[in-house]
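One structure is given below, represented as structure tokens, and several questions about it will come after.
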Amino acid sequence: MLSKIQIAQRIAQELQNGWYVNLGIGIPTLVANYIPEGMEVEFQSENGILGMGSFPTEENIDADLVNAGKQTITALPGASYFDSATSFAMIRGQHVQLTVLGAMEVSENGDIANWKIPGKMVKGMGGAMDLVASAENIIVAMMHTNKRGESKILTKCSLPLTGVGCVKKIVTNLAVLEVVKGGFKLLERAPDVSVEDIQKATEGNLIIDGVIPEMRF
Amino acid sequence: MLSKIQIAQRIAQELQNGWYVNLGIGIPTLVANYIPEGMEVEFQSENGILGMGSFPTEENIDADLVNAGKQTITALPGASYFDSATSFAMIRGQHVQLTVLGAMEVSENGDIANWKIPGKMVKGMGGAMDLVASAENIIVAMMHTNKRGESKILTKCSLPLTGVGCVKKIVTNLAVLEVVKGGFKLLERAPDVSVEDIQKATEGNLIIDGVIPEMRF
Amino acid sequence: MNKVVNNVEEACKGIEDGMTIMLGGFGLCGIPENSISELVKKDVKNLTCISNNAGVDDFGLGLLLQKHQIKKMISSYVGENDEFERQMLSGELEVDLIPQGSLAERCRAGGAGIPAFFTPAGYGTEVAEGKEVREFNGKPHILESALTADFAIVKAWKGDTAGNLIYKATARNFNPMMAMAGKITIAEVEELVPAGELDPNEIHTPGIFVQRIFQGETYEKRIEQRTVTN
Amino acid sequence: MNKVVNNVEEACKGIEDGMTIMLGGFGLCGIPENSISELVKKDVKNLTCISNNAGVDDFGLGLLLQKHQIKKMISSYVGENDEFERQMLSGELEVDLIPQGSLAERCRAGGAGIPAFFTPAGYGTEVAEGKEVREFNGKPHILESALTADFAIVKAWKGDTAGNLIYKATARNFNPMMAMAGKITIAEVEELVPAGELDPNEIHTPGIFVQRIFQGETYEKRIEQRTVTN
């Protein structure tokens, strides 16, 4: 089983040189720490910055410079600031090559639910609906099952949707899955996790084609 | 009869303090020279400047600073530059209080034709269609009749329209007219021009209500 | 064109019970602190507030929530506020949640005279309920309408007497679009300078969008998530 | 993120016969002079050019018209060009005239993933022919669609290696929206500086919209209407 950090590390392998990337809150944020050596990627935060850097030192904190998680950040050389309409123009206009975000549920046809649990306090979708509806390339980072051990990889989402037919790839603590016609194609297993383990944790249709390799780090 | 300069002078009387104004090419441009003493108005040029000043001196010419007529201009203190989308956001969003433009024909219901003569070379509408469709307050500056002596104040426009039902006021070399339900209400006569002269030069329905005062300068 | 008002009271004159107010800011970043305090002081009620977030319990729009001045919130994310949650669950507060990009674009549309536009965001979700769906380039989109407000209140870094504004870093966020979409737009700035001191090439919000401007007395600029590296 | 190409030839690589090209500029102000010269040299044909104007006879897009490289012009105003007139009247050149504000907004929409929007401009005129009409707030509007291009070519004052652009004065005009709407966007600049030298707060076009950038060799910056006061 992968740790959250390892999920982020595995997703970082999907990065390509020259990509602009939007990372959601939680595990996705960690991806920024594992950019492959020599690769240039630039991070967009939907509140209005391209070229987001690491957290500031205590002396460099600027209340006017935060990311979409409202965390204080820094800007790298070559960064730019812009308004929210321009920010989502980048997202909706598919100028951002990769979006990584968390999910509560993903379904066989690529639907994603990650913003609302009926009966619980609704915090709002923030930029998630724009991101999932627009991105050409969406990777979901999440645990394969919920705290009660129930699969989050489903035939059909039970929670209110954030977007339909948009998820392309899922990296969980157990596996790398690709959303294809007919279900979830198992691409890789986590170290020491068997295909049977993954099958058991997957409620949606799992497509197993040939020998499934173990992830490499 | 008014000269072109006098038409501009008469229109300048319509300005109000604090207004943003867009002036079309030709007579409208001259309005900028007759802003009433002590009044603050700011000129918008739709290619991307607010706070347009006079023409530059020979030494101050900047090829990157022109107005919508492609003339070299200057910027006044408090000016701003912006892109064409933002410029027309100002216009379409009715942030510009007054638009003054020329016309080939105006009809009783406020239609305006000023961009195309069938059979002649079409130069294009430029920003005129956006301006007339959006402005709350449009004044047309023009000659009452064309070169052949035919009225340009019509029951119905014969030329392809630039916009429908948008003209509120017309200042010609003969008269000031208001577009009201049922026709052109005669507000003022040019010096030494009689109501009969205006009636003769007006093909559309002219509404004459009471004594018509002479324009004052 | 002089847009300067003497103080925050004068700036907020005319804001009345039941009005719709847009407020710039993302989280607590770039919010009009002085004007929010004045709204609390004025005690205007039944406001509809359009703001990406709803502040925290004791800062930003949270201050208006505490005093039950807000009838309805139109936001994209409201998750940092216990009083908000209580009022929402009890039904005291109406909440209209809008995807962040649609919120930004709807404000811009309101300011730009675009009454409606198609966006893919929210298609197939409850956001799309009751909205027209149309396919473009093989992809379904929903029709979203423009948002405007009786007053828009924005916060900028620098402003001049003509109403021109420059924002700082990510404190820009929703401020420029909301400045466009207010029938009356109030700008509070950290530094107010005479017209002519700002470079016309560097202005983010041209003065035409601003009706009133003043320099805020103080800015706390509270930080929500203070994150540092060592 | 390094977007720098060595020269104009490299910048224009891949522009082929029959493509749709957007070109920034208003009149001759803010046009990509170096790239236009390169298109002449490359002799690509049957281009569809989206540009507010069509240059003059011997400068700007007029140079491409002279060599019959343009099949179709999509513009708002084309009145300064005899060769244009001749080709248009003879039927050699297709022309699609669009209100200037709709042209700007359609380019922005293309870059922003908004496939269509409603505008009042052109309602009741021949521009509205075949377009959906809908009333909003008692006023009729027409539905306009997004514009995109295989290549967008823009001209900026300063640019950095990451593709960030700053325009000068009214030479900004259509350049920012067109930069957004190109599948590949080429930026030519008067001064190219290393990433980090431009203030992130002053950037007009963020580098994400630009795929290739180079410093133009020379700029004539011809003036169409030289008007002076004494």
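To keep things simple, chains are lettered A, B, C and D as they appear, and every chain counts its residues starting from 1.
Please note the rule applied: a contact is a pair of C-beta atoms (placed from the backbone, for glycine too) under 8 Å apart; a residue touches a chain by one contact, two chains touch by 3 or more.
As the structure is a prediction and not an experimental result, all values here were calculated from the model.
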Response to the item:
Between B-D and A-D, more contacting C-beta pairs sit at B-D
Discussion item. Can you compute the centre-to-centre distance for chain B and chain D, using the mean CA position of each chain? Integer Å is fine.
Written reply: 28
Worksheet item: Taking each chain's centre as the mean position of its Cα atoms, how many Å separate chain A from chain B?
Response: 55
Item to complete: Averaging only over C-alpha atoms, locate the centres of chain B and chain C and give their separation in whole Å.
Response: 36
Practice prompt. Two or more other chains in contact with one residue: find those residues in chain B.
Written response: 49, 75, 81-82, 85, 88, 91-92, 134
Worksheet, complete the sentence: Contacts with two or more other chains occur in chain C at residues 105, 108, 112-114, 119-120, 167-169, 200-201
Worksheet item: Quick one: which chain pairs are touching?
Response: A-C, A-D, B-C, B-D, C-D
Response to the item:
Listed in rising order, chain C residues that touch chain B in their complex are 1-2, 108, 110-114, 160-162, 164, 180, 194-196, 200-201, 203, 206-209
Worksheet entry | Complex interface listing, chain B residues touching chain C | 18, 20, 40-42, 44, 49-51, 75, 77-82, 85-86, 88-96, 134
Worksheet item: Of all residues in chain D, which touch chain B in the complex?
Response: 26-30, 52, 75-80, 85, 88-89, 95, 97, 99-105, 107-108, 119-127, 157, 167-177, 204, 221-230
Worksheet item: Inside the complex, what are the residues of chain D that reach chain C?
Response: 105, 109, 112-120, 134, 136-137, 141, 145, 166-169, 200-202
Worksheet, complete the sentence: The answer for chain A against chain C in the complex is residues 45-49, 54-58, 61-67, 69-73, 75, 81-85, 87-88, 91-92, 111, 121-130, 133-134, 160-165
